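Letters A, B and C mark the chains as written, and numbering starts fresh at 1 in each.
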């Protein structure tokens, strides 16, 4: 992966004016996704620091990012990066941060003031300007070995909280699902189908005993992502979370082979890191 | 490949209203591509008949197609289908047909009146309503064995004509390249780069001794298509011409694997047959 | 690719004692193949020098190689390496070198005495101790661009000689084909079928316009190699010539995918560089 000019990507994000009922999107590697529509810029799981071992440098620096909303799905560093968030908070003083409820203090501990931070949980619907945001559970694992996948509830101020989230956003009529880190669990297909997802950003790195032995917990794999998208009637599948660490990669080619064999009716975009793509409401019909 | 509901695809094409500076697109299998923008519908290489051996039935019938322009790149049946064109001509009495210059009579021989047919050649720029159309050479082969790839000039009314074409269209500011059937030839990269192509529909089935022995001439392969798109700075690569005949397939997964290894800065869409996708000017920047 | 312990590979080769009617084999990367049977060690296209740009260091040094016969298919450096052959000649003073007839002087020019060098041509059968050796034509290309594939005959001492060879060897009843660098040409399938090939070492790097522009002539590709092995009734296909140079790779995964889809009756071995594998007469029946 070659690094694009950092400033250009940030500028393209900041100045993009997608048409009505369209969402401009950028994948910044791993699970970092940027959405822009209705004059609103949303960064999901921004991982923009020069973290050791990353295979490609960040395409946008925290200081150049111009977010209105920053969403983090869970506490792992490639999703919630203490070296990224303070710079983003300073660069965009109006930006609001959304995290799993028990993580609010982890955000304020970074020096981001409490009124800028929202904790959420599955079942809650947040109306954030142009965005309708629905948190959904993710089933991941905090530690391995032994491998453990589950919702991994956290006890927090007397509540029983989902530790890992995914997000379903509706903006300008387009429904986008960012899965966070998750395996597939009972009810996921039905929820996505019910929510009429247009674009699903799904991890494809899979689970592996050997990675788990190295304390790398996994996600759905290429075939599961393809089967999920097809079963849920997702209009466009965008595989993510396969590229950033040599020890934790997925195979988008294997995804495409499987899709062609099993779900040729499913569209798939392999995005170029940092390059804009747009979904227009009605695409995939 | 499963059949989509024929009526739905035709209706979706007929009624799509992409935003300004955006082009709605549909891949109908093999090299059949539909574009719609600025109230104009363009069918390129429509192959909509129930031809024997096709792996999937047509997604739109000729009678349901509502073309303003029908472009054919060359005379092979999956690009110029005598069972498709008359029905399209009847269904859309205003539709105009564009073919390589020496093929005009092949169109009128199908009962399509001469005033509806335009013959073109590389170098010529046609202004067709909202479309600016530039024909470009394609280097293919009419018969094998032995394998022969070249421009295969035709002598026609004292002229030396390119037998195979590709088309570069500009509509609503978006530049689209449909390669037709072609290998890569000297000057192709430079022309595409100069034309600042946004979306390139490229064949990926490749060339094979064994297919050539069965009189199946080939095209660029997966690796060449990826290298071409990257070298020419194409914003979005859409592989086509790999799916329709068991004897002449390509491997889009191999394309994606190669792109990830060599050109991870290149975006690629694996379209679902008959499902709409939209390119918005500025995508890929 | 990690380097194995140089001495170990050389030692393993030197000391291997395959059972009767069995051939021990080692792939040393690119087209370098070693065979051992009946107390005889054959190096084919040894490329054992620390050539710039190679992706993996040589697994055996020329000085450690203990060949009885060294076969080179043609003059390209990865098949006929002036930095490899003199060391091999010194290390094994009894070793005999077999090359295309017009290349005999290229061998003696390296300081290897003429009585140790045999030039051969297709049609000739050499009996070399336990080996019966049949040279067969290869159709490659000396220079590009433009791409040129053919037998590329050389005029030499009034004779019209094949520039590129492949070799069919029979040893202890096992028939092995090393294709050299070649595309598939008319008659190849029939010859291999007639020769009842047990093991075929076939290049899979393919041909590419972009590599040809850089003066890298190509070979059969993954699909062609699979089709060839299946058509010729080869018992075991071993893909080679895909691994050594970043600018000239093949995709063994694409080979395997294609074989699974089209020729699931065909066995294929993806060898580990430097690791012994054995073919026993009757395998593949």
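The rule is short, and it goes like this: a residue touches a chain if its C-beta (ideal position, glycine included) is under 8 Å from a C-beta of that chain, and two chains touch if they have at least 3 such contacts.
Small disclaimer: the values here were computed from a predicted structure and weren't measured.
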item	value
Chain nearest the global centroid, as defined over all protein CA atoms shown	B
Proportion of interface numbers common to subunit A and subunit B (over half same, under half different)	same
Approximate Å spacing (C-alpha centroids) for the pair subunit A, subunit C	49
Approximate Å spacing (C-alpha centroids) for the pair subunit B, subunit C	41
Distance from subunit B to subunit A - Cα centre to Cα centre, in angstrom	35
Shared-contact residues (touching 2 or more other chains) in subunit C	253, 257
Complex interface listing, subunit C residues touching subunit B	145, 183-186, 206-210, 220-224, 227-228, 231, 251, 253-254, 257-258
List of subunit A residues in touch with subunit B within their complex	1-2, 4, 12, 16, 18-22, 24, 56, 235-236, 243, 251-260, 264-273, 275-280, 282-285
